[in-house]
Each structure stands twice: as structure tokens, then as C-alpha cells.
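Should a chain be cited, it is by its letter among A, B, C and D, assigned in written order, with residues numbered from 1 in that chain.
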Amino acid sequence: MTPVSIMTFNILSILPILILSGFGMIVLFVDIFSSRRWGEKNLLAYVSLLGVVLAAIFGRSPTGTTLFSFNETFTIDNYSLFFNFIFLLSTGLTILISHSYIRREEINHGEYYALILFSTIGMMLMASGADLLSIYIGLEVMSVSIYILTGFKRSKLISNEASLKYFLLGAFATGFLLYGISLIYGSTGAINLKQIASFIAGRGGIPDPVLLMGMGLIIIGLGFKVASVPFHTWVPDVYEGAPTAITAFMSVGPKAAGFAAFLRIFMTAFGSTHGEWQKIIYVLAILTMTIGNVIAIAQTNIKRMLAYSSIAHAGYLLIALVAANNMGISGTLFYLLAYTFMNIGAFAIVIVLSRKGDECLQINDYAGLGFKHPFLAIAMTLFMFSMAGVPPMAGFVGKFYIFSAAIKSGYIGLAVIGVINSVISVYYYLRITVIMYMKEPTRDFHPLTISPLIVVAIIISMIGTLHLGIFPSKVMEIAQQATLILK
Amino acid sequence: MDSRKGELIRITTLLVSIVVFVLSLPLYFNFNAHAYEMQFVEKLPWIPSFGIHYHVGIDGISLFLILLTTFLMPVSILASWHITKHIKEYMIAMLVLETGMVGVFASLDLFLFYVYWELMLIPMYLLIGIWGGPRRIYAAVKFFIYTMTGSVFMLLAIIALYFLNHRATGEYTFNLLEFYRLELSFAVQFWLFLAFAFAFAIKVPMFPFHTWLPDAHVEAPTAGSVILAGVLLKMGTYGFVRFCLPLFPEASHVFIPVISWMAIVGIIYGALVSMVQDDLKKLVAYSSVSHLGFVMLGIFAFNIQGIEGGITQMINHGLSTGALFLVVGMLYERRHTRMIADFGGLTKRMPVFATLFLIITLSSIGLPGLNGFVGEFLILLGAFRSRILYASIATSGIILAAVYMLWMFQRVMFHEIIHEENKTLKDVSKREFAILIPLIMIIFWIGIYPNPFLRKMDASVNHLLKQTGEKAQTVSNLQTQNTAVIPKIDIVSETKAEW
Amino acid sequence: MITITHYLVLSAILFTVGVIGVLIRRNAIIIFMCIELMLNAVNLSFVACAHYLNSMQGQLFVFFTMTVAAAEAAVGLAIIVAVFRNKETVNIDDINIMKW
Amino acid sequence: MLDLVALILLFPLIGTAVNGLAGKRMRKETVGYIACGAIGLSFLVSILVFCGLLLLPPEGRLFEKHLFVWIESGSFRSLAALQVDPLSTVMILTVSGVGFLIHVYSIGYMHHDKGYHRYFCYLNLFTFSMLLLVLSNNFLLMFIGWEAVGLCSYLLIGFWFEKKSASNAAKKAFVVNRVGDFGFALGVMLIFLIFHSIDFTEVFSAASHGNFETGNFAITMITLLLFMGATGKSAQIPLYTWLPDAMEGPTPVSALIHAATMVTAGVYMIARCNVLYMLSPFTMTVVASIGAATALFAASIGLVQNDIKRVLAYSTISQLGYMFLACGVGAFTAGVFHLMTHAFFKALLFLGAGSVIHALSGEQDIRKMGALKSHIPTTYKTFLVGTIAIAGIPPFAGFFSKDEILLEAFVRGNFIYWSIGAIAALFTAFYMFRLLFMTFYGESRVDHHTMEHLHESPGNMTLPLIALAGLSFVGGFLGIPGASAINHFLSPVFGGHTHAEIAGTELAGHSGHHGAWLPYLMMVVSTAIAIAGIFLAYQMYIKKPDLPKKLTDRFRFIHKLLLNKYYVDEIYDALFVNPTKKISVKILWKGVDVRIIDGSVNGIARLVGGLSNVLRLLQTGYIRNYAFYIVVGCIFIVVLAVFGK
């Protein structure tokens, strides 16, 4: 029996998590003592926003160094900091776009913000986890919060259904993940990533079948979170049913967290068995891109379309995982950041255009938007072109990065399939602009009540999308530094 | 939007474009015709982590294409005077388009090039899609996706070059001039050539990748068509000259028959199909396929006449076909139809217009003394020097050109006026006259005294030939081995770098 | 002699039973219970391995799994209740508004 | 004086520009004066240049005037430079001289036309183009003129563009010419490939210095290709079809096309390239055969045509055939000589015909004429001179030149050439006099209405007629056998192949067989042939006016064949024009383009769309299906992970 030692930990390393937890509690408390009538609940958004900002500020401090805490189960390094930034950014943007939305949808409960903050904590745990246990716990913290958030519109059947689907399938997939972890544990005797790696290295890099099986099962569990085919099926339904702001949140935060864990586990623990798992990911990547893009073409509901597009983007990111070089990893980081901006931006537009009882979710409802609300249309166009990978937007640089990584490792075929897919995707992204600019309006646009917070979110997203597209250099460098830790 | 504001926007845009044109003129006058090196170079780091620079410069090949762009821009803005719908957005799109086009021709960094290459898709797409004709959406989407399909493969090839260069020199860069020095194996050249050529062939467009063009042209607003025909198509041919030939010389040599036959088929086929169109814009669009077939034939003649002819013909096609679209646009503005059958006998009502139209038609036919001839003849001469058969077949295109253009001209301008609406048509307005006259003056200038143009190209074209020739010789024996079978390439070992 | 293999096989069988249950049952609560069965199969495997490897980490893991499962159960049942309140069914085949 | 040569081109160009840009705002008289003045000045300068050339010693009569470098690319260089030598001098004199007369005539003829200034603008441009063609010093510059005359013919034939037939004819002229130009352009390229230059002097000196043996394949190809150009421009088989249709233009234009400019270009070009042609016996045979065939073929069609201008048109084709026959047997001087005399009398005939048509208010059908002799006497007299000249009655111009060609055909060629030429001469004499008789003699078939307006043409139309009649009469004396001034003058150009030398050497060889009396015998024979033709015509159209009808009934088939011009136009339509159109529409456009290429492009898009609609069905909405996919994925991954080595 190995004795369980007293944990040593650096308070700095978990400071952001502590801050977020604290603010989550505060939100809950404030919620209890505030009445809806006086609009005090509107303050909750600002409170949670403050928490996010503080977490971001304090999370920055140990940059450049690598800190281990809790007996090397938790680590703060450039890699996790980068991801923390993505998480906090997506959380912050989500709060900005939620503010008016949840009031309008009458789901203005304090738990909403608290759950978002808690799920962010989960994500941070996933990105920072240095062993499988903390990654698992992070994943569950994140997921359970989002299960609830998905069903937050309690009175709406569609929301209930989404929540139920997500919950049952999520728990089901978690079962596979856990089983995978147990097999790896059984095979290597360790749940710490570094120890697993050294165990495999000790065996000359030749893994035994049980380990391989465990690895496969972990791919299922994480593949579910990042929405990889064939574990993607929950995505369209849940995205459609969830409150739009939560859809936006789900499409970026958990996906990024999934990839954070994916990369860390597979690069750190299974780095030397790259040959074993790359072929699986290879197939998954192709399937994910292709199925996501192809099915997206036929969608008429914008949330579903964005859901399939989100699946397709996961496919591109899997390419980077296959390539498994520093370029691929930093590319993933960059891509996820870019994706955060453009995707939340797009959902923000969707939220702005919706109103109570009429969510305006059919793509055709956007007809004539281009000249009726030029700012929204331009923003939407920007996000769509960015997702399609047209320069000079962030999405292009991200794709460029990832395809470069694939070519660098010699996966020309994968890159070719990737670019073909990106052409297919152009069709449905273009369709949004077609409808906005080139079709006559089929209905009146009701006077929009645009809250300043959501405008801030849209502007931040636009700036981010353009900045990463035109001046990506700084972020690239940071992302490249972040990857060094994995090898 | 009130009309005064619209007028202000128009005039401002026009002034901006004229200023740009005037600013581009020093490029011509200060251009050192004896140097093949890039001139007016600017190089600033852009994305240092990838070795990407904002690196621009021009040589004798890009000089005229840039001038063509800046010249056609005020012309097309002037031709857009009738646009009233969303005038602000329209003008923005036009100016963004100009940025993209000039950027493509000036970029010396392949990443930058690709960014510009794609960037100008968006405004063009919007121009077609918002201000176009009835089937504008289909045309716009087709244009965008078709072009994008080609260019993504080019992107992959650019990335591959990037790593190949790194492997050879240890330096991460997208600098075209560095890439020129690469010694690539034949197999690599073969595939990279294909990737680049696919993108460019769609853009040119070469047969059989041309079907987006008629649709795009027919639906685009006049100015869109002018820019599309005048400049955008040239990006394809320019790409061949700037990238395919010097980067992949052996592969280019091996592909001479393929490209040449595609060009020849394009020449004849484009002409024949053009002949039987009943929509004026479609007719001109297919004639572009034919004309650009000539350009490609000239480029792949691999001698100075062919390439100089090709570049000249790019300019000529920009002027003549651009002018043709302007003319068609003027007819459309008057009658709101482009069907040839709806016209006839216009000469009687519009004599000045008839004269201008005729000159432009003749320029497009390639009448000696006008610009079209200089390019076409040099191309054919060059092609003839390299492969007599190709040139002989292609020359028949000049017969067909006369057939389809003159037949069109006859049906539109000659005969009695049969349609009542045509009896009240007005001759060209001052604005329209101002649009066409500069074009016609240049048409005559290039036709009668093309030498100043040709001289500025000499050094660059000679250098290009030296590049392709020298590099081709080093691996020339490979050619014979590899022509029969498509080379198998061990891509992984060719490109795989250390982690 | 009951070896580690027996435990692991049993764990695998339990897991498979859980998976099959998820696949073939219609009642959301039963499906959820099948998932719980899967988790417990994993727990069994963890404990067996921990014992075999003489390592504490497996045991530790099981505690966390159980905690998480409890949390999941709370949330999951609440969701099912919410569905039931709106739809008055927990048959998952009837919960099919969103598709394609 | 020779330096002035550029002015020859400049004046018509200025005329074109002024009339083209400002003509509309000027008075008609001014327009006419400017146009005529331009050509007149050009003619005067041509005379000066001619004198200047005469001042030089015969072997040194070559002057080049460099203007600027036109196109230069690598080793290829085409100068904008003019070349004055005896051949081009003969041409500029003919062109500007006859052109001037036609311009003057046009002032009267076109007086009532609305497009007056446009007409003169084109006319000046036409003359300019032709002058450029003959003055250029290299093949490419020549090609400008070569194509530009095609353009001008297009503009002028289609001058009355409202008429569908006119614009069709115009297009046909340009396109058929382009077919020829296709060959010409290839020829120029081949010349550059072989000689590395396209300057006349360099090419010809390289060719004549024995670098190429006779019958050299490349030279044969060059000459054949150039000849292809000539068949288009000079309306020879198989590209002659545009010329008869070209009658749609105003009559003075026909005169210009047929006499001074355009059609003579081919003959000039071959004469210019005599050095090359002499190196290729095969081409020479082709040229001679085509020339002979065209001469006979066109003449036979001319026999039965009823349109006054059409008869003249076919006679032009036939006469051009003679010129090519001459060139083909190596008698370039004879060809050029005939070119010149033909310019005189054919211009005369056309302008005369124009005068007739003018008098008859536009009537062109000779069946509706007759007995005009007394009504329009000046026209009649001059027309008679022209007819006699073309028929070949001594001492009129046509006699000398045609006789020389027949003689050369016999001496240098063979009996067949000669006999074809002779038959064609018989035909020519017959149809020309048929035309004369039907127009001016016999009973009047003019309808009353027209009769009332019948009048002689004004002075500015008759004066050119008289001048041309004079030239048609005296022109032949330039080439009297034995003392031929033109032979002498042109000998530097045609080098070792001059008539003079032949007379001295080759003919001497032949005289062993035929004797020195041959030329004289030939003269007698050809005169006899001409008289026979005239006699026949006289018999048929004056003496026994019912005879033609009987003959027509008797040889219905042949008559119909001839009347319909051997159905060549129809055959061309059926062989080339219609199939091309049909293939283009049905196969290329609707088939290949729309169906196959665009079909597959859109097909891919549709396929993806269809796939999308199929694949989305996987998304059933049932949780158990989703769980099932996960399990399938799980099995797949585990199998791949564990066993996928």
C-alpha cells in the first residue's frame, strides 16, 4: 500500500478556481436575498462577470512556470493557462450574451450564473488535471452543471428533452471513459499521466491490449465531449433544445475542455504510442469533418446548422491531434480561441434576433437582414466567413495552422480531405450571407431591444475574429510556448 | 438614402480610385526596365512565428497587371453610376476588391498572396449576389465555391513548399523569392504543380473548368463583369507565370501538352459556344474562355514571344473584354435586356456608340493595329516556335473570333430596327463617352506602339525563362522517365520534418 | 481461487449488461439505473485492480466515482421529473421532438 | 523625295480622322474635298516618289524608311518601316491614282446618302490600308494592311447596314478573308521560324543566296500558306465566294475593291515574294492551277448572270485568276502588268455600271435595261472602251496584258494552262459584250417610271470615267512586247526571272521548237478568240434575241448550274456553316457545356446535398439509437485499437 501523503499545494495554482467557486457561492447567496421585482437579479450578471475578470487576472500570475499541486494531480502551466483563458473568455462572453436573454426567457434565476461558473471550474480542472482522476472530476463538474443548464427552461419540453438526452448519453459515455480509466489503471498501475507515460516507456513503448482498449474507451468518453462522430449524435438535439446562450457556451467551453484533456492525455501519457491511436483518430477525424459538414447543408434551423458546423470543426481539430506535433497542438489552441470568438459571436446574433415566444431560428427568417440591420449582418457575415476559413479572418489562420501541422507530419491525404470539407462547409456558411443580403425579407423585423452587454459581446467577438485573422502572431507565439510543456 | 448622399459617395469613391490610379503611375515611370529583380519592394514582418512577411514588390510581369487594375477601377466605378441600391455597400465592396486585386499581383509572400487571393472573393461574391441579375445567387455561390475549391489545394501546396523549403534551407519562410531557389524533385514538382495549376486553371478559366464564368458574368452587374473579366481572370494566368513556371519548371515542361491542349480546346470550344449564344454577356463570357486559351498557350510556349505575348494579351483582354462588358452594360441600361434578338439596327439611333462598339469589337477580334493583335500574334508566334501543331490549330481561333464577334455585332447594330423600343434609344451620354474613350485610346496605343510595354517586360520575362530553363535542364532526364507514368511520391518522407 | 481475472471478467459482464440495458430499455429511470450499473462495474474493476496492484489510487477513485454518481443521480432524476411534469411520460421513445 | 513616302500614308489617314471625327458637323462639300484632297495629295506624293526612284540607278532602286519599332520581343522584331521599290511604286501609283478617281466619282454618286461623311472616312481608310499593305517592308506590317483592307471592305460592303443582305455580305467578306488570313499568319510565323526575320529584304536575300534548294519543304509550306491568304484576299477558289456578295456595297466601293485595292493584294503579295515562290515548283503549280481554274470557273458563271455588278464581279474573279496563272508560271511581271491594266478598266467598268445604275435609279438587272446608248452617251462610250479593253482587242490595255499572260502560260507552263486561259478569254469577251449589248443596245426594257428619271450622270462622275477610259486605252502601251517599259522597270524586283531574261534565254530555248514567231502567232490567236466571243454575243443578243432562250431551254441543267454559281455557297453552307452551328448549339453548348461539364459540377453539388438529406436521417432523435451509435463506435474503436495492427 502506498501511503497517502499529506497534500502539498500552492494556493496560487488554484486561485482562479477558488475565485470562481467563491463567486458562484456569492451569486447563489445574492440570489436568495434579492427580489425579482426590483431588478436586483440583473446584478448577478455583473457579479459573476467580476468573478470571471478576477479569475482571469489572478490566473495570469504564474505564467512561464509550471506549478504542481495536490501531489502532482493538478498542474498550472502555460498550457492550462492558455486554456483557462479560453474558458474564462467563453464564460465571460456567455454571461454578456445571457444577461438580456435569460430575462426575456424568464429563466432569470441566480443558479444560472452560478452553474456557469461551476462548469467553468470543471473545465479548468480538466485542462489542469495531471492525472486521470482530476480530469474525470473536472469533466463531471463541468457536465453536471451543463446538464442542468440545458434544461434550464423548465417549462419548455424541448429544453427538457435536450437535457434528458444530454444527461443520459453523457452519463453513458462517461461510463466508457471510466471503464477505460480503470483498464489503464489495471494495466499500468497508475492514474498519473506522467507515470503512465513512464510505465509505457519502461515497456519499450509497446502497449498491451488492455492498455490499448483502455485508450480506445477514453477516446469514446472524450470524443463524446468534443462531439466527434459517431459520438456526436447528442449535439444537434441538445444545441437546438438548450437555451441559446447555453448552446453558445456549450459549443465552445466544453469542447475546448474536451480537447484540452484529449491533448494532455494523449500527448503526455500516450505520446509514445502515437502510432496506435493516430489511426483511430484519423478515421474519426475524417468521419467527423465529413458527416458534420455534409449534414449541415440540409439544415434549416440555424442552431442545428451551427451544431453540425461545430461537429465539423471538431473534425478539423482532430486532424491536429493526428498530426501530434507542436504545430498541431498550438494550432488547436489557436483554433479553439478563434472558434470561441466566432461561434459565440454567431450565437450572440441569433440571440439578438430572437424574441420571446418566437426564437427566429429558421435560417430563412434572416432574409433581408443585411440592409435592415447592417451591423448585425456584417458581424454575422464576418463570423460565417471566419468559420468557412476565408482570410483575413481568424478561422482561416486556424485552419491554415492545422493543415500545416498535418502536412508537416506527412498526412497529406488528411489535409486534402480537410480542405475538401472546408469547401463543402463554405456552402452552408455562404447560405447565411445569401439569405441575409440577397433575399428579400419574408417578414417584418420587430424592433429589436438590444442590450448593451450583448453588443459588447458581439464587438469583442468581431475584434477577436479579425485580430486573430490579421495579427495572429502574438497569440501564435503564446500558443507555441504552451505546447512545450506537453513533450 | 437621399440622392445627395449617394452622389457624394459615388464621387468620393471615384476620386479615391482615380487617386489610386495616379499613385500607381509612378510605378510605370520609375520602373527600371533593365532589372529583373523585384522593384519597389516592401518587406515587414507580419507573422514572425511562421516566417510570414508583408512582402510586396513588382517586376515587369506584375507591373502592367497592377496598372490595369488601378486603371479599370475608376472606369468601373464610373460605369456603376446607375447603381442606387445600397450604394455605400457597393462602393465599399469595389474598393475592397481593388485592395485584394492589387495585393494579389504585388505579393511576394505566398501566405500574403493567398490571403489576398481569397480576400477578393468576398466582395466579388457580394457584388454578384446583391447587385446581380435574376439568377445572381446561384451564380455568386457557384463563383465562390468553385474558386475556393481550386484555391484550397493551392493552399496545401503552399504549405508543402513551406516545409520543403525548411528542409532544404532550415529556414521557415513563405518568401517566394526563396522558394524560387528550391531544387525540388520531379515527383514533388508534379504534385505541387497540379495543386497550383488546378487553382489557377479554375480562375483563368481553362476548359473544362470554365462553367462558373458564364453564370457569373451574366448575373454580375456591369462593373462586376468588367472587373471579373478585366482583372480577376488574369490572376489565374498571372499565377501560372509567377508561380507554376518558375517554381516547378520540370513539371511545367511535362505539362506542356496537357495545358496546351486544354488551351487549344478552350480557344476553339469557347469560340464555337460563344458563337451560338443569344445572351450578349454569355457570348462575351465564352469569348473570354477563348481569349484566355490564347494566353495560356502563349505562356506554355516557354519562349519570350509566347510569354510576352501572353502578358500583353492579359492586358488586352482586360481592356477589350472589359470594354465589351461596359458596352453591353450600356445597352442593358437602356433596354433592360441582353438578348441579342431584342436589338438590331441600333447603329441608326446610336452612331457614336456604334463606332466605339465597333472599335472594341475589332480589338477583341485581334485586328492588326489594335491591341488584340499584338498579343495574339506574339502568342501564336511563340507557340509556333515551340510546337507548330498547337499554333496551327490555335490560329484557327482567329477565324472563329471574327465569326462570333461580327455576327453578334451585326445582329445588334445592323439591319432595320424591328423592335419599337429601340427607336427611341439615346446615343452615348457624356459619362459613357468618358468611360469608353480612355479604354479606346489605350487600345489604339497598344496596337500601334506596343514597344514601351514590351520593353518593360523584357528583363523579367528573360529572367523567368532563365529560371525555368536552367532548372529544367538540371533534371531534364527525369522528364523522359516520368512522362509515361504518374510519379508515385513518398509524401511522408518528402515532407516529414522533425517534431 | 478467485483471481484478478475473475473480478475483471465479472466487471466486464456487468458493464456489458449495463450497456445492453441502456440499449434495449425504454424507461428513462431504468436506463439511468443501467448506467449506474455500468459505473459500478467500473468500480468493481477499480477495486480489484487496486487490490491486485497494492495501490491506493484505485480505491480512491471509487470514492470519487460514487460521489459523482450520486450527484449525477440527483441531477438526472430532477431532469426526469421535469420531463415527466411536462410530458407525463418517462418513455424515451416518446421524447423525440428534435431530430434530423 | 523618297523621304516623303510616309506622307503617302499620312494624308489618307488624316482624311480618315478628320472625316471620322468631325465629318458629321461639316458640310458635305467639305467632306468630299477633304477626302479627295487627301488621296489626291497622296497620289501627287506617289508621283514624286516615283520620280525619286527613277533618279536612282536601276539596281539601287530600293529605299527603306524607318518610322519606329512596332513590335519587338526577343529575336522577333517588326519595324514600322516603309519600303519603296519599283513594285511598290507601281502599286502606289495605281492605288492612289485609281483611288483618287473613284473618290471624285463618289462625290457625285453618294451625294444623297445620309452616311456621306462615314463613307468617305471609310474610303480614305481603305486607301490608306492598301497603301500600307504595298509600302510595308515586312510581312507583319503588311499584315496590318492586309487585315485592314478586309476591315474596310467589311465596313463598306455593309455600308447600308439596314439591308440584311448587305450586312451578311460584309460579314462574309471579313470572315472568308480571315480564313485566308489564317494561312497568311501561319505563313509569317513559319517565315520567322525559318529565316529568323520577317523583313522582306532579309528574307528574300537569305532565300536568294542559295541557302535553300529548290523544292525545300519549309519554303513550300510557307508559300502555300501565304497563297492561302492570297486566295482569300484575291478571291480565288476556294475562297472567292465573298466577292460576288460584296456587290451589296455602294458601286464605287466595288470599283475600289475590284480595281485598286483589296483583291490585288494577293497578286501583289505573291509578286513580292517571287523569290520564295520560285523556290517551290510545287506551289507554283498550285498557284497556276488555281489561277487557271478560277479564271475559267468564274468566267463560266459570268456567262449567265443578270445583275450588272455580278457579271463584273465574276469577271474580276476570272481576271484575278489570270494574274495568278501568270504568277504561277513565273511571269510575275505579266501578273503585275495585268493587275495594273485591270485596275484601269475594271474601275472604269464598275464606275460605268454605277453610272448606269445611278441613271436607272438603282436598277441593277440587265434584263430590265436595254437601249441606253443614246440616253447616257458618255457612260456608254466609256463603258465600251472598258469592255473592249477587258475583251482583249488590240490596242486596248487588256489586250497586251492578257496576251502576255497567255503567252507566258504557253511558254513557261503548258498547253492546258493556255487552253484554259484561252477558253476563259472567249467567255470573257462573250459575257462582257452580252452585258454591253443587253444594257445599251436592243429594245428598252426599262419601266416607265424609271424612264422618266433617266439622266446622264453629273460631271464629277463622268470625268473619272473619261480619265479611266483614257488609261484603259493607253495603259497597255507600257507593256508592248519587246519594248516593255514595265518589264524594264520591275526587273530589279523580279531579279533573275524577268521577262527580259526569259526573252533572251529561255524563250530562245523554246524557240527551237516554236520559233520566234510564237508571240506574234499568240497575238493573232488571242485577238481571234476575243473577236469570236464578241461575234457570238452579237449573234445571240443583237441578231437573234430569241436564241438565248432556246439555248437555255436546251441546256436547262447547265444553265441552272451556272446561274446558281455551281451551288458553291450552298455547298459551303451545308458543309461548314450549318454543321458548325448545329454542332456548337446541340453538342458543344447544350451537350458538353450544359449537360456534361456544368452537369457534373452541379451534379457534385446535388450529390452532396442528397447525401446530406440521407445522412441526416441517421439523426433519428431516439436516445437508444444514439446510444447504439456510441456502442458501434466503441466496438469499432476497440477492434481497431487492439487488433488493428
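What we mean here is this: contacts are C-beta pairs under 8 Å (C-beta built on N, C-alpha and C of every residue); 3 or more make two chains touch, one makes a residue touch a chain.
Just so it is clear, the model here is predicted, and its values are computed rather than measured.
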Winner on C-beta contact pairs when C-D is weighed against B-D: B-D
Whole-Å gap separating chain C and chain D, where each centre is the average of the chain's CA atoms: 97
Distance from the mean Cα position of chain D to that of chain B, given in whole angstrom: 37
Whole-Å separation of chain centres (CA-atom averages), chain B against chain C: 64
Centre distance in Å when chain A and chain D are each reduced to the mean of their C-alpha atoms: 79
Chain A: positions in contact with at least two other chains: 164-165, 168, 172, 236-237, 298, 427
Junction residues of chain C - those touching two or more other chains: 19, 22, 31, 92, 95-100
Residues of chain B touching at least two other chains: 145
Chain pairs that touch, as defined at the top of this document: A-B, A-C, A-D, B-D, C-D
Chain C to chain D touching residues, read off their complex: 19, 22-24, 26, 31, 92-93, 95-100
Chain C - residues contacting chain A, complex: 8, 11, 15, 18-19, 22, 28, 31-32, 35, 38-39, 41-42, 45-46, 48-50, 52-58, 60-61, 64-65, 68, 71-72, 75-76, 78-80, 82-83, 86-87, 92, 95-100
In the complex with chain B, residue positions of chain D that touch it: 20, 24, 68-74, 76, 118, 140, 143-144, 146-148, 151, 154, 158, 161-164, 167-168, 170-171, 174-175, 178-179, 181-182, 185-186, 189-190, 192-193, 580-581, 583-585, 588-589, 592-593, 597-598, 601, 605
Residue ranges of chain D touching chain C (in the complex, touch as defined): 616-617, 619-624, 627-628, 631
Chain A-touching residues of chain B, taken from the complex the two chains share: 46-50, 86, 89, 111, 114-115, 118-119, 121-122, 125-126, 129-130, 136-137, 140-141, 144-145, 148-149, 152-153, 155-156, 159-160, 162-163, 491-497, 499
